[in-house]
Each structure stands twice: as structure tokens, then as C-alpha cells.
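Paired with chain B in one complex and with chain C in the other, chain A is shared by the two complexes that follow.
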Partner chain A sequence: MRYHPFTLPFSIGLGFIMLYIIVMWTIWIVRLSRREQKIVWKRLFSFRTISAIWESIREGLLHRNIFKRNVLLGYMHMSLAFGWFMLIVLGNLEARLYPHGVINPPYYPIFFEFFRHDLTPLHEYEEIFTFLMDFFLLMVISGVSLAFFKRFRSRTLGMKRTTRHILIDRIAITALWFIFPLRLFAESVTAGLYNTGHFFTNFIGQWVIYNLPLDYLYYPAWWAYSIALGVFFITMPFSRYMHIPAEILLIFLRKYGVKEKESHSTFTKIELSACSRCGICIDACQLSTSLNISDTQPAYFIRDLRYSQPNERLRETCMMCMRCLEACPVGIEITRIRENERREHPLFSASSYGYINGYKYPKAKVAYFAGCMGHLTPSVIKSTLALFDAANVDYTFIDKNGSICCGRPLQMNGQVEAAKQLIDKNNHLIGESGAEVLVTSCPICAREFATSYHLAIPVLHHSQFLLELTQQKRLNFNQSGLKVTYHDPCELSRGLHITSEPRELLQHAVILSNGSKETESKSLCCGGSLGITNISMAERNKIATDTLNEIVAESSSYLATACPMCRKTFANAQDKIKVLDIAEILEKNLNFAPEKVSEKNQSPIKQQAVIS
Partner chain B sequence: MIDFGFAPMEVSVHNMDTADLSLAHWINLHDETFNHCIACGSCAATCTAGQFTNFSFREVCHAIRRGEIKSAIDESEKCMLCGKCTLVCPRNVNTRNIIMLIRKANLTFRP
Partner chain C sequence: MKKVAVIGGGVTGLEAASQLAQMGYTVTVFEKNSAAGGHVSKWDRLFPNRRHSIEVVNELKSYLNGNPAIYLSTAINKVTKKDNRFQLEAYNQVFEADAVLIATGFELFPAERKEEYGYGIYDNVITSAELEGMFKENGYPVKRNGDKPKRLAFIHCVGSRDEKVKRPYCSKVCCVTAVKQAIEVKEAIPEAEIFCLYMDLRMFGPGYEDLYKEAQQKGINFIRGRLSEASELEGSRVLIKTEDTLSSKPLKMSVDMVVLMVGMSPAQGTDELIAALGLQPNKDGFVEITDYHLNPVKTKVDGVFAAGACTGPNNITDSINAARSAAVEIHKYLNNK
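What follows is the complex of A and B.
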């Protein structure tokens, strides 16, 4: 016997989902731009493919990234994905090894035990197969139990909040949760009747045989199992579970070098579908942890964008701090997607800033750019310039008489046309100044200069520049012995991946002590962010104090920052700890007796320390 | 007439009874800090755009309160969203949000 009507729900579901995946993958690939298709094609037969396969296994099945966050949560995802995968693979092998030929209908291995009660023809493999099938079933069941448990006590699995799901997701989850208990039941009933199982299903089978009318349950159990599978497959494309096929394609395309562009593209569609709504981004977001705003994070934003349009509140309520980006196990370019979505709502026209036309920056060799935020913290400028003087740097403070904003605030709020005007103007003026290197104390500007400008000269954050001066022995510091906590600004750590230079520099004058694991790429935002407009000052201050409470070590005398805006925000929010910029701390500990090296014998700056 | 290079000032009597305060109400509805402004001018003093041109957030708010919707909307476009004003405002007026609201009003309120 190779057929029974109960297999229909499963078969229909499987046929549907397979067809759907093939159609969607084809549409997505065909709709990639010409250039993207070309690079994919060119790189298809290269090491990248192997590395993509490995990543698919590592993230799609084993979920290493989630393991890194929380072992229990990782195990939950891994047991479901890997356990199920192994059941499918082993089931197929088992059915093929059975001495009735290797060609079977697709449902056959899934319901193998229904069709074959006598497993002895498998000979020496019988024991190992029945054992492994039971083992992986137990693994999946443990994962499902954890998932169920997580709905009620998510904290145990390291999650403060779980995603609130919409109807289609709930149906799909329910079906998914039922699949494995039903499989267990169907197999146990069969094992109870025909001894087809191993330690797990036979054990339960023994129990049910004495307690339940097995003969009546045999068919309903298999029917129910098949229906659960069918429902899951049918709901999959419309629910969060579309992430399974989409994520695999995403991993491959990303490996070939396809990425988000300046506006939504087909790749965006794939990324949107690849979000599993796992909710890890919700906990990572300080809007949620500090302000209880827990409905605008990527889990929801991406969901709404996938189905239609996120509303204005959803689009705008985000600091663009990139913490979620860092936390997302799928690696979706969340912040880029949100910025692109904001771009579709321009509010400033391309002719907003005609009034800057006549402005000029002076001639310079080493150009120092304080930026808007720099100008708000004159003490930072003063200290930075004092250090430059001490090191005999031939610098020009090019925006002394006023800086044209770098354009990043506009850009983060989606106002690209307007930002472009400022960028073009600054680009031109900086070029005209003849500078050989551009140094800024504002990470916001540094990031913008490095990524949106096409400057022919190196752009350095002042921490990088000062570190080089120190390494060239042009600056010398006294070790004060004071303990200081360093805060990584978002734009510097996540935006430009500059985390070691400020630390190395500070260690010349102070001892670093950190009270938290949330540093470097995981650093907490100060709350001052220019990427958001719709939170109040009180809310910003709440974020700032929460961040300080988390990161400042007991013993620290100061908080050191590398961003004038963070400095201002932290200082405004509280007066428990004094906040100073790196340059200020260094200037305090400057040792004025280095051998004077004349500027002429020194290259202004080595060229390698360029921000990407 | 002989051109003396100057002329009598335009009459600028402002009748608050007939002023169009719809934008003021609308902004207030979305961001009540609009009403907290004491017109101290700190925002204008620090303004990045204000270094280059005659622009002041304080004046924009003032215009809105006087019902001069069109000029407020036109002026608001000069802002670079740099955020300095937000950090210096003693009344915690959410300046950039208000600028964004005015820009949004551009799409609905423009007379």
C-alpha cells in the first residue's frame, strides 16, 4: 500500500508551497537589476557559493547568531529547524533504503510508519533509524515546548518582549506547534500497535495502548498530522514563515555582493520577506527598553512594509541608532530600508538652501571641521585645537566662522534632495580649500563625509588623528591614574567601526573602566539622536540616564565621549557624572615637554588611517 | 515722484481676531511643546542656518502664532535640521519636530 487519502492535505500543501517558492525565487531573481544579475552570474562558481552554503547551514539550521545572544533561545530555534531538517532527511533515507525501490511519492517518507509496519527489511539499519528518528523528534518537541513556554515566560529565553503577531502568523504558528505533537501522537499510536518506534515513541506507545482506544485513534491521528502540515504549508507564504525560503536566497545574494541601494528594490522585497519577526530587534531597541515604545521596531516596520505601507509614526519613530541592525540574526539592512522609506516622503525641496551660495572656507593643509554640534561644545574645539598646537600641526579651523551642516541630519530623516545641496556645497568648498586631510570631532559629520561625500582626501575623526600624533611622539601625556568610562557613539562605533582608536588614545592619560557589556558595536545610544524628531526632551533624557546607569562603572570619575552631541546630551540629562570629550581629557593631562619636532620634517599625516 | 531711496512703511496692523490660527492649532495638537516657547531667541542665536541668512526658528513660530502661515512655511525650509536649537532651548521645545510639522503642513495647509 502506497497511498491513503489522509496524505492529501499534506500533499496539496507541499505542492503549493514548492510552486510558490519556485515562482517567487524566479520573480525575485529576474527582477534584480541587470548589474546585480551580472555580478551574481559572475560569482556563481566561486568560493562565495560555498561560503553561502555554509552560512545557510549555520544560520538557517543551526542559528549560531541566536545562540550567541541566548543559549536557550538558540537551542529553541536550532531544535526546530535542524531537528525538523534531520527528520526529513532521515525519513527520506529510510524510505529509500527500504527494499521496495528508491522512487517514492513525496508524502511517502513523511508518513513512512503509516505505510510500513514491518521495519525488519531495513536489517542492521532498523535500530539506528528508529533511534535517530525518535531522537530528533524529541529534539523538535523540546523546541516546540520551549517556544510555547516562551509565549508566557519569554524572559527565561532572554527576551523581555516577544512580537505581537497578526492573525495569519497566529494560524501558522498554531499549525506549526501542532505538527510535532501530532506527529509524536501518530507515531506513538503506531508504535503502540506495531512496535515501530524506539525509546521515545515506543515508550509513549506503551502508555497509550493501556489508556486509549488505539484502534479508533490510528486514522484520526495520521489525518490530524497531515492536516497540520497542510495548513502550515498553505499559510507559510503569507506569514512570517516565508522567511525560511527568503532567508536562504538572501544569504546567497548577499554573498554575491547584492545590497540595499538608495531606494527600495527587488532586493528589499527579499529582505522584507526574510524577517522572521523573531522580535530580537525589539529588545535591542532603547525606545522599547527606556520609553516603552515597543511597536515601531523593525519587526513591525518591516512587516508593514512587506504587506503594504508603514504609517508615518512607524516610519519616523526610530533613532536610526543601528542597535537593531547589530542584533538582527538575519542581518537585514534595517536602517537602510527605513531611511529609504523615509526618502519617499520629501518635505524639503531641492532649492532650500540657496543662501549658502556665496560662502567659502579658508585655505588649509590640515582642515579641522567642528561641525554644528562641535560649535555647541566650544570646550571640545578649544581642547582639540590646543592639542593640535602642542603637536605643531599646521591646521586651519575651516568652519570657524560658521559651518554648513554636513547633511546627515537631513539624510537620516529622508530629506535626500535637500541634503544633497549641502553635501555638494561642502564637497566643493572642502576641495577648494586645498586641504590634504580633513579632521572632525563630530562622528556624525565624519560618517557623512566618509560615506556620502566623494572627497579625494582622508577623513579622520579627531580620535584617529590625535592617536596618530601620539604614536608619532608629537604628543605626550601624563598618566593621571583616573578611572574613566568610555561611551561609544553610535555613528562612530556602528557607523564607522571606530572603537579601538579612542580607547587606545585615552589609555595614554587615564585608566578605562567599563560597567557593561553593551559597548563597541553594541553600545547604547545617548538618546540625542538626530535620526528621530518625534520624541520629547524628557524622553531623550530618560534614554541618556538609562544609558549612563548601564555603562558607567562605579569607580569612574568621568564619562568620556567622542561625540560633541553625546557629550551635550549626557551633560544635559544629569549631573551625577561629569562628561568630557576625549580631547578635553587629554588636554588636561598633556605633558608639555616633548622634544619639539619641527613641522617641516613631519608628514602632516600618514595616509593609511582613512575611514573606509 | 522723486525717488528718495526710501518710502513710507507699509501699514502692518495685525488683527488677531481675523488671523488664521489653523496651523498653530494643528501644530499644537501634534506637539504641545510649541506652546512652551517663551521667544527667548536662544534657538536663533545658535542656529546654523542663521549664520548665513536671515532665519530664526523663533520668528517662524511667531509668524505661525500671528497666522502668517505662508511666510512661516516658506521660511521653515531654510532649516538644516542640524539640531543645535533643540539642545539649547531652555523650554525644551521640540524644535526639529515642529519644523518637520510645518514642512508637512506645506502639503495640506498652504493657502
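What follows is the complex of A and C.
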């Protein structure tokens, strides 16, 4: 016997989902741009494919990223995905090894124990298969129990908050939770009757539920199992579980070099579907941890964008600090997508910047750009220039008489056209300077120069430039012995991946002491973000003080930062600790170099440490 | 004889002490500085009629004839209440009182907190208080190098109406002070060009509007716009950037001197003092008053009263009124006890 009507719900569901996945994958691939398709074909037969397969296993099945976050949470995801995968693989092998031949209908391996009660023809494999099938079933059941437990006590699994799901997700998740207990029940009933199981199902069938009327439960149990599977498959494309097929495609495309562009694309659609709404982004978000705003995080923003249109509050309530981006186990380009979405719905229309006239500045090898935020912290400029002078740098201060904004705040708020006007003006200014390198003390400007300007000369953050000068022995510092906590600015650490240079530089003058694990790529935002316009000053101050309470080591005399905006935000929020820029701390401890090197014969900077 | 302790020997404290002494109470004033008179003693002339502030301070000081008595350089660092009596501690000495008046006044907003204005970084950025000092000393403002400035800008609302530095409230007196000082500069240096950068001009008191009109007639320029930032140019001139919000145009100009109209901040130390009495600061950090309309000197704690700029920005008239009001309320309280 190789057919029974109870297999129908499963078969229909499976047929539907397979067809749906094939159609969707095809549509997505066909709709990629010409250029994207070209690079995919070109790189299909390369090491990238192997690497993508490995990443699919590592993240899709084993969930390494989630393990790194919390072992129990990682185990929960791993046991469900990997356990289920192994059950399917082993079930198929078992059915193929059975002497009746290798070609089976798709439902047959899933319900193998229903069809074959006598497993002795498997000979020496019988023991190992029944053991492994029970083992992985136990693993999946433990994962489901954890998932169920997580709904009530998510903190145990390292999550303060979990996602609030919509109806379709609730149906899908209920079906998913039922699948494995029902499978356990069906197999245990069968094992109770026919001894087809091993340590787990045999034990339950013969010792726990043996006095139930197993004969009568046999068919209903298998029906129920099949129905749960069918319901799950039918709801899958419309629920969060579409992430399973979408994530695999995403991993491959990403490996081939496809990424988000300046506006939404087909790749965005794939990314939106690849979000499982796991909710890890909610705890990563300081709007949630400091201000209790827990309904605008990517889990919700991406969901609404996938189904229809996020509302203004959802779109705008984000500091663009990229902490969620860092935390996302799937690696969805969340911040880019939000920025693109803001472009489609600009909140205001930026007026013309035609009144900004160009200034004439002397030419020099190094162009220094302080930026708007730099001009709001004049002591940072003063210290930076004092260090330049001490190192005998041939520089020109290209926004000395009042700056033209770099454009980044406008970009973050969707004002591309207005930003372009500023970019053109600044590009002209930079070109006129005749400089071989552009140095800025503002990470926001540095990131904008690096990503939107297409400059012919390298861009350096002042921490990089000053470090080079120090390494070239053009600057010399006294070790003050003071303890200092360094705070990584978002745009510098997550935006440009510059985390070691500021530390290395500071260590010439002070001793670093950090009180928190939330540093480098995981650093906390100061709350002063230019990417958000709908929170109050008091709320920003709350974020700033929460961040300081978390990161400042008790023994620290100063908080050092490398961003004028962070510096200002932290300084205004509290009086407890003095906040200084790296340049200010260094200038205090400057020990005038014994040998002054003539700038004329030197290249301003080695090109290795530049921001690409 | 019932005793009243007045904490703070500025205009409010001195006036209240004198009134209470005349009512027959034994009054002691505790002043943490080495001289009485508070901030007012540091000013040159007062708005609206440009009377010399020394006249006001001297008259108030003349009441100190034994009762009220004054302890100078005496900071009260602990107050406790026990059976309707208060014990005030300073330098391990304990004073007893039946009622306490908090008259600790205000502090000037620390202008360096508004870093982008360059106070403490650029040579010729000064505060309105420092300008008063210059008038007192020379009769005219001087640049760091000793020269007279020929072009000045007064920046209103520094540390007032500014959420970014946690001072969301209006300090009330700076608008008219700027107008007064601008006129005084014009009179001292007739060729000087003077600009006032304001948000709103709040000329609410008697004679204030007249002063504003006089300033306009004397050629002082009023520009509606907040200063965004200042930078230093060659020769220690200051470049200031603002937006003329009436014509929606960004504006840049270089001046010889920038005067920051610093607002009133809660006095440091008042927090601990009132906390010891079980009081809390209001949302702006000043001493909380229970009834702003009918009893503006009463606090939550019986026997503790507050008057003057410790309850929020005040001008001298307001402070004198509050001091007298407090004297009456303390009298009523001590008689009903």
C-alpha cells in the first residue's frame, strides 16, 4: 500500500508551496536588472557559489548568528530548522533504502511509518534509522517547547521583547507548532501498536499512552499531522515563513554582489520577504530600550513595506544608527531600505541652496573640512588645526568661513535633490583646493564624502590622519596616565568600520578603559541623530544618559569621542563626565616633535588607510 | 522672640529680612559670598531708568543693623526640621529658626555650554555680565587688546528658551538688558554699529517698550534670528552666522565683539538644600511653589518659604514684591502656630 487519502492535505500544500517558490524565484530573478543578471551569470560557477552554499547551511540551518547572540535562542532556531531538515533527509533515505525501490511519491517518506510497519527489510540500517529519526524528532520537539516557552518568558532566551504578530503569522505559527507534537503523537501511536520506533516514540507509545484506544486513534492522528503540514504550507507564502525560501535566494544573490541601490528594486522585494520578524532588531534599538518605542523597528517597518506601505510614523521613527543592521541575523540592508523609502515620501521640501556662494581658499596638499557639526564645536577645530600646525602639515581649511553642509542629513531624510546641490558645491570647493587628501573631523561628513561624492582623492577621518602623522613621527605625545572611555560614533564604527585607529591614537596619550561590551560595531548611539525628527530633546537626553551609564567606566576621567555631534549631545545631556574629542585630548598632551619634517618633500599621507 | 532664617543675602533676602525685623522677629541672613547684595551688586546701571545699582544695594544693606543680622561667607549645608523648628548647619555651627525663607537666587547660564558661540575659546566673545563689569570699570566696553569695539552684536536668549541646553524657559530680563546695554554702548562709542539678534523681544515691564523705541531711534539694528555659530577671524574679529527670519535670508557678518545675553539658571547647591527639607525642584530646576496665583511664596513644607529668583527668573521689582509677600506669609504662619 503506497497511498491513503489522509496524505492529501500535505500533498496539496506541498504542491502549492513548491510551485509558489519556483514561480517567485523565477519572477525575482527575471526582474533583476540586466547588470545584476550579468554578474550573477558571470559568478555562478565560482567559489562564491560554494561560499553561498556554506552560508545557507550555516545561517539557514544552524543559525550561527543567533547562537552568537544567545545560546538558547540559537538552539531554538537551530533545532527547528536543522532538526526538521534532518528528519526530511533521513526519511527520504530510509524510504529509498527500503527494498521496494527508490522512486517514491513525495508524501511517502514523510508518512513512511504509516505505510511500513515492518522495518526489518532495512536490515542493519533499521536500528540506526529509527534511532536517528527519534533523536531528531526529540530535538525538534525541544525547539518547539522553547519557542512556546519564549512566548511567555522571552527573557530566558535573551530577548526582552518579541514581535507582535499579525493574524496570518499567528495561523502559520500555530500550524508550525502543531506539526511536531502531532507527528510525535502519530508516530508514538504507530510505535505503540507496531513497535516501529526507538527510545522516544516507542517509549511514549508503549509506556505513556498505551492505555489509550490506539486502534481508534491511528487514522485521526495521521490525518491531523497531514492537515497541520498542509495548513502550514498553504499559509507560508503569505506569512513570515516566506523567509525560508527567500533567505536562501538572498544569500546567493548577495554572494554574487547584488545589493540595495539608491531606490527600491527587485532585490528589495527579496530582502523584504527574507525578514522572519524574529524581533532581534527590537532589543537592539535604543528607541525601545530607552524610550519604550517598540513598534517601529525593522520587524514592523519591513513587514508593512512588504504587504503595503508603512505609515509616516513607522518610516520616520528611526535614528538611522544602524544598530539593527548590525544585529540582524539575516543581514538585511535595513537602513538603506528605510532611507530609500524616505526618498519616496519626503516630509518637507528643502529650499534652494542657490545663495551659497563659493569661497576662495589657498591651495594646499591637505584639505581640511570641519563640517557643520565641527563648527558647532569650535574647540575641536582649534585642537585639530593646532595638531596640524605642530606636525607642519600643508593644509587649507576649506570651510573656514562657514560651511556648506556635506548633504548627509538631507540624504537621511530623503532629500536627494537638495543634497545634490550641496554635493556639487563642495565638490567644486574640494577640486579648487588642489589637495591630495581630504580630512574631516566629522564622521557624518566622512561617510558622505566616501559614499556619495565619487572624489578623485582619498577621504580620511581626522583620527586616521592624525594616526598617520603620529606613525610618521611628525607628532609626539606625553602619556598622561589618565583613564579615558572611548565612544564609537555610529557613522564611524558601523558606517565606515573605523574602530581601531581612534583607539590606537588615543593610547599615545591616555589609557583606555571601557566599561561595556557595547562598543565598536555594537556601540550605542548618543541620541543626537540627524536621522530622526520626531523625538523631543528630553527623549534625546534620555538616550544620551542611558548610553553614558552603560559605557563609561567608573575610573574614567573623560569620555573621548571622535564625532562633534556625539560630543555635543553627550556634553549637553549631563554634567557628570567631561566629553572631549580625540583631537582635544591629544592637543593637551602634545609634546612638540624634536625634528620637524618639511612638508614640501613629503606626500601628505600614505594611501593605505583611506576610506574606500 | 520667634526666629526667622533667611538663606541668601541678595535683594530678595535683604528686603525680606528687613521687613520681618520691622515686624519684630529675630532675623538672621546667611550669605555664602563674602559680601551681601547678590548679582545686583555686580551690575552697573539698572533698566528701565538706568539708576546706578549701587544705590539699590546700598539702601538694602543699610537695613542690616544687628536685627537683621548677617553671616557672610556662610553656606548652609544642612537643614533639618524637628517639631516645627528648623536647625541650620554651617561650619559645624547650628542655628535654630521657627521659619525658613529660601532666597538663594539664580546663577548665570554658563555660556561655554553653548560652545558654538565660542565663549572661552575666542577672545572677543563676552557675556552680558562681563559687559556690566566693563561699564563699571571703564564706562565703555573694551576688546581683549584694549581697543574700543566699533561693531558689536548682542545675542539674545543664550541659555534661555533653548531645549538643547535644557533651559526651555524664558529668563525674562535679558531682552530689556540687551536693549539697555546697546543704548549704553552707543552712548559711550557713538560711531559703533550695533546689532541685536533676537527671537522675540519681550518688553513687558513699565518703561521697557520706551527703551526699545529709544534704541531703534539711536540706530541700533534689530535682526530676528538666532545665532547658529561663531568663528574667529584674523585680528580676533568674530564671524557670526544667522538667518534673518523676517526676510528668510541667511546672514553672515563680522564684528569686533559679541555679547552673549546669558539667562538665569537654578543656583547650584539649592537642590541639596531643598531636598533636605523634602522639597523638589520644578521641571526647570527652580524651587517649586505650590500656588502660583494666590500664594507665590509658599512651598510644600510648612514653615519653609521661597522668594525671588530661586523660584524662577525675576527682575528686581518682582523679587522685592516676592520678599514682602514672603514676610507677610511668614508673619501669618508664625502667628497661627
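The rule is short, and it goes like this: the second predicted complex is superposed on the first by the 594 of 612 C-alpha atoms of A that agree within 3 Å, B and C clash if a C-alpha of one lies under 4 Å from a C-alpha of the other, contacts with A are read in each partner's own complex, and residues count from 1 in each chain.
Keep in mind that, in the parts below, a contact is a pair of C-beta atoms (placed from the backbone, for glycine too) under 8 Å apart; a residue touches a chain by one contact, two chains touch by 3 or more.
Please read all numbers here as calculations on a predicted model, not as lab measurements.
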Which superposed partner A:422 touches (first chain B, second chain C, both, neither): first
Contacts of A:449 with chain B and chain C, given as first, second, both or neither: neither
Partner chain(s) touched by A:568 [first = chain B, second = chain C, both, neither]: both
Touched partner set for A:349, first chain B, second chain C, both or neither: first
Contacts of A:530 with chain B and chain C, given as first, second, both or neither: first
Chain B versus chain C as contact partner of A:376, first or second or both or neither: both
Which superposed partner A:361 touches (first chain B, second chain C, both, neither): neither
Chain A: partner with more touched residues, chain B or chain C: B
Set of chain A residues, in rising order, touched by both chain B and chain C: 355, 375-376, 401-402, 536-538, 568, 572
Complex interface listing, chain A residues touching chain B: 347-349, 352-353, 355-356, 359, 372-373, 375-376, 401-405, 407, 409-410, 413, 415, 422, 528, 530, 533-534, 536-538, 565, 568-569, 572
Chain C-facing residues of chain A, complex: 355, 375-379, 381-382, 400-402, 536-538, 541, 568, 571-572
List of chain C residues in touch with chain A within their complex: 113, 115-116, 118, 121-122, 163-166, 168, 229-232, 239, 241, 249-250, 252
Footprint of chain A on chain B - complex, ascending: 31, 33, 46, 48-49, 51-53, 55, 77-78, 80-84, 86-89, 92, 94, 96-97, 100, 103-104, 106
